[in-house]
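First chain A sits with chain B, and in the next complex the same chain sits with chain C.
Our next item is the complex of A and B:
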């Protein structure tokens, strides 16, 4: 078994195996016997071998996230466009919605929601004359005017699909528009159906960034590279300037660098940064935050959104406005608060009579131990229970998200109860002492609780407190042997910890690729980390290093198999029930066992569609 | 000349006995045909999962008696009134690997396989389709929706999987569910449809989009092709939903448009109003089944690992399952609240008559959770409660003790009771080739 402490001491632990820090669990351990063998106290030094050559990822379609969907439409059709909220939710896979976007499909309900949204947006685009003029660049001469419809398609198709349209695609859209215009006796209604078609297309809803085959690999170039760049840097589609360069085949070499620098200087970079931070720090979970109103009168519905806004503003301030050392995120005393957060943190809000949505930058007093990200409500409240704190959850968040260590789930079959508050065990620290001593628990709980207990001065919504259950809190502890006195001490240790910049680089890389497993890409992660450090830990520069790196345009080749014929070929207008039956047969849910009685024609495709692994 | 009143005529018709006809016409007609619909066909068989998170307390769950004479254990008391409709199955175990607390159990029961990834609450996928989606793939084409996925605790995704990595989102907002099921796309029996050219145009658009999906499929990897196939299937299903709007709705006597739920549901002192949310969802789902809008559902009362703050509880649900000592009376109280809400759903089904039976008789529901003992995440003595399913041939009103049996036998039984031609279920240690004996009559 790998030994956690040793690895971390050498700063080499980007990821640990799932077996790390877990004592053997079979047979079940008597957790009351705190004197049994400490399974983690073996002394092997396990140093990882140097990374092998970079292995490129197999490219995957990326489904637009909700924010990318919104940005795509607002970039193309105007920022004032109202985007419907009922849309397919982002799926989180292995803690990341970027990973989820490269694994998930579109559900039945999502398909319905995208349809409804497409018609709502199309109708909106043609409702106001001023906006309509930006959508329809010509004056139709009749209810059906294919020439004018084609101009509409050409004006927006490239932005929507992020590539040039083929003639046959334009013809299909124009024909649809003609049919709708004629049926409904209105040119504009026809355009609505054209736009609604584009907005439901998989060419819009999925990012087709597959690369072109070359020498046994695939390479990103042209429109695919433009799309990869813009969704990473802007969390949105390429603009016309980038598409022009891509369309001319000039998106490489110096021109590529020029375009990247232009994009890094654009205000839309803050959207790309925001998407990365949201994904990395799991801020989406703030939407579900609830707290008991009796115990926490300071809690209200806008608590979660305020807490998220604080994190995003501080990141933007450090990484973009000041272009500063990103490690400041952990130890800065500067933060952005609205009135709710100012009152929670016990600082004066600098503006009188400000609306609740107004944020101002404040400097927290030196006398408080509240520092940086881990002093913010987002972390302190999210990593807590609805009523009480959770040193374990807080420690786990730091280990996994700040230091990128893998902490396995608790072993199965272990009794997890902790003693209730009593005269001997009044504080959570003393009640949790059990987990830090019992042989089946301590392997992980010392790693987690030794950090988490240092935040006990902050209650379950992040308010400072001196005492827990009437006893003055002792927030002292150590992180892997380095002692701290209070949360400010933790912030200082983590900001200097070599795993933190490596962790930021690896999460940024994961965000760019939508891949969870990056063991075969360690060479690139180390290059990024080294570059991050030598450049003064500036995040914007790290993003530049990443997208201009040789690996950003490389992908593994994959076989493209011939498309099997549809079971319902030509049956699009068949009776509804049979169409739906055939459609469901196209999914790989009917396993061979379901079709053992192979009597109808669609069974053959069911068998070949066996299983989703 | 004396004219006969309508009432007199009616009296004459029934032989001058002076009885008044109380039953609505359709009800009287179906009464004649007993277990058939107005058009003479049999009532459809439905299936649904009713799931809650964080396990149970096995010792307080297990009733003392087996067979038809079983009496509800302390935890099961909320279901006492529904006893004759229940089939309690105890003693089964998940045979696939128990590596992920709260995740390995549902994966084993619903897919017969272990779980991919190592942390369930941060989103790791099942390795294949769940039984509800296999059933939906088989019978879902008969109805407007293949299946519906709902939740009481606010959440984005259900445990239902169409395939690996294809988790199915769930609807936790009762008003949004109402709009989807009973909004524009719904017509009650007898409601006339105005011909709407827009429906045909929308179908043409979906047809064009489906073609684009096929074109994209021809350029991608096998893995991505599976994802596009799923989207393609959804597009085709939406097309057939629209086609259905142009034909007559099913002739179901009990189907009516339910009242619209409120736009928002306020928390009670910072705690979710689970009872109200559950009641609203139960009414909508029952009527969706009664109107034959769908025949398959997956209901997430609460998520695995949820830390819901129940009314009166001193801490979140998941936290209590781990921290509370002894017999965990607080956890027991929460489980009883959950089962009261489950009983409420069963009652909503039983209030909808179908022929001389009820919707509950024609619906097989499996209520379960994510592990056996929440405190230790054990997967022996898995909690399973079947309800309804008379028309499926489920043996009801009994406690079936199946000690040590592989839980996949239960999964296989469900597929077979729903009429799927399955002869085996599960992978590796999960694999079984026969259903659970004693579960069907």
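Our next item is the complex of A and C:
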């Protein structure tokens, strides 16, 4: 398993080796047997055998997600920095961009996009005198001023790479800046190249959290642990305070707890929470949301972004502002709406002359069956078809994302089409009855539609309706035998369902690790779930439990595979030098001849006065 | 061609005001579940107060295929034949469902206006609604039952806001608007019969704001009838009433329209006037009716 991408600038080459690409080790799960699905759908975990000992994951290199890339740059260089939008897209694996980030490398196109972005940002940093002064903390005495260049590298290198730079790395970057400045006859252009190089480095683009071998396992400590903490809690890089502690080797024990508590109290926690929610609830799919304009005239381009913002705000309100019971997410009547969503939900928007982007907290009337997450447009509209609702999609979403149950794909060759409306079967409920009766379909459809049909009072954009095709909607049903009358009833059942908090814990764990959790991590998941419950289902406390747990610093050991043949001897030398930094690291930064040899400034074939790029 | 906007403005103003009750809504007007949902819960209001924005307002026109047929109201409580001196010799029309005695002389006049303006009249009105210039809301309070309620309080108010407009080119339902306290308001009582709100006769001042014309026009003896949809479906209805020629011409005199158009309008309205005959035998008002589409809305005080 070898993935390799080459960063063209200066011939920088990145080789990702085995650890980055090792698939998760998990026992096969039989999800084709409807009987077994029924069993999981009961939410009854007590019948399962006790979990075995926790088996840590094999570390992976995780590419920064787009939001992490943005946060990394803005945290280091300032929130007003404009981040280019054309970047390698996040890879979603099994519905999770967090998992995808640990399974993906960088495409050729992505490499070019990162390169372009790096130079745009570097140029931006040096354009305005005020901002330049924060980037260049010295006054150069000449076009080539290695001392000043080194100050720039030292000032920002640690934040960019999220670790201390070694002397050889600093020397390489200073030499690069010197050559670029000399060739282009501009100190600032030299600095621009230095910054752009750092921003294209795998040390920046990938989270190098591989741990240190110890007693046959690996343990995260120091900078690697700081990075794990900050990307999980803040969706961004460690700040100076955390790096200082990590650099002193004090990120353990009470100091670790102090740092975690500091991070949990920081405003940046909302970014980490947002990333988790985005990942868990697949909110990114709202970007692609479309609806038939004839059938749904109220649908507009800002619908998806509004729906996404609503979910994030409600989660933030419950989990951070109130630090309340996270199960309220499913049954609360409080939500955040802008004028668009207020119109959709049929509630008054409380502020005069508000712009369309303004959100306000409102309480939905008790007389409405709209409750919590599953009453929001993000769920109701996303889990529907462009021209109609989909009880099956809605039920599947609840089973998979709220209760964390495995639902198999339809059997191969089965006809999944729903009969068209007829005089006998006017409602979707009656039309779906076909699937609920067919032997090949009923196992899953009973599980899915029993929930999904309960949301039929909401159309395919989430607007309340009383009738479907002229017939009054019957929204009654049951979830695993517990009856409900309407969507509000569903919310109440799910909020009390034992699988929901377990599911939240599981998804949070998955988000933290970028791994599919499986049976070998069940002990840890049960520990987290128990802690979640005993802590009053407070998400912030669950995050604390997760990061301070022993498993957060443990990783499986792995073998370092031989590096592939290198293009030339010089590169090989550089590879060795880099590997010496951390002999057990699975990443090598390989610099090409013209850059690796800091003393050789004569070969500047990649830098020309006409075209610095 | 510059006359077209002016003509539209002139008649749009008449439109906006309209408000007399009337004729049952068209067959396809009712909310979809009305014909299928007979459950008591359908009549249970979510709130005792509901507001409805007039999302569409358009003149009722005489049926082009059936002369003498148009929606409207029997405003003078009599069936007049052509030549009846009490209606200045104008005969009443018949509603599409066969009701006699419909007073709606504008229904015969508007098609002529359409020919002059290329049918731009309704578009001008709709544009005024959609850009927030002419937002009128019916506020219904004291609702105990959405199907049958012998007395509800009804206010006709003007609101402001920049509405969202859907792909159907109508203001989206459920939006919140701001009450314009300085605009004239009408407070009256009405009733709900068979899921339809009815009110009138009442003198109803309606705010008009089309193109650069802004004024208030009084609909005398106005009546209104509109279906109420409890779950957000569109309501359909008609408002109608009598418009004073003198007041209308007074308003016209304040507008920047060509004199020859003003003269033409005056002549046409005088010719078609059919209500409130004075001692000289001249009718002082002209009857008219407007078809409306309402959508649920909220009003911030």
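To be clear about the criterion, the second predicted complex is superposed on the first by the 517 of 613 C-alpha atoms of A that agree within 3 Å, B and C clash if a C-alpha of one lies under 4 Å from a C-alpha of the other, contacts with A are read in each partner's own complex, and residues count from 1 in each chain.
Just so it is clear, contacts are C-beta pairs under 8 Å (C-beta built on N, C-alpha and C of every residue); 3 or more make two chains touch, one makes a residue touch a chain.
Values in this document were obtained by computation on a predicted structure and should not be read as measured data.
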Partner chain in contact with A:293 - chain B first, chain C second, else both or neither: both
Contacts of A:466 with chain B and chain C, given as first, second, both or neither: second
Partner chain(s) touched by A:385 [first = chain B, second = chain C, both, neither]: first
Chain B versus chain C as contact partner of A:342, first or second or both or neither: second
Which of chain B and chain C A:365 touches, first, second, both or neither: second
Residue contacts on chain A - larger count, chain B or chain C: B
First (chain B), second (chain C), both or neither touched by A:95: first
Touched partner set for A:352, first chain B, second chain C, both or neither: second
Residues on chain A lying within both footprints (that of chain B and that of chain C): 293-294, 296, 299
Residues of chain C defined as touching chain A within the complex: 32-33, 35-37, 39, 42, 46-47, 161, 164, 166-168, 170, 172-176, 178, 230-232, 296, 298, 300
Residue numbers on chain A that touch chain C, as the complex places them: 293-294, 296-300, 339-340, 342-350, 352-353, 356, 365, 367-368, 463-467, 470-472
Sites on chain A touched by chain B in the complex: 18, 58-61, 86, 88-95, 100, 103-112, 115, 169, 172-173, 176, 179-180, 183-184, 193, 196-197, 200-203, 205-206, 208, 210, 282, 288, 290-294, 296, 299, 385-388, 390, 408-410, 412-420, 558-561, 563, 566, 568, 572, 575-591, 593-597, 609, 611-613
Contact set on chain B toward chain A in their complex: 98-101, 117-119, 122-125, 127-129, 133-134, 136-138, 140-142, 145-147, 149, 154-157, 162-169, 171, 176, 180, 197-198, 200-202, 204-214, 216-241, 243-244, 247, 267, 269-272, 307, 309, 314-316, 319, 322-325, 375-379, 415, 420-425
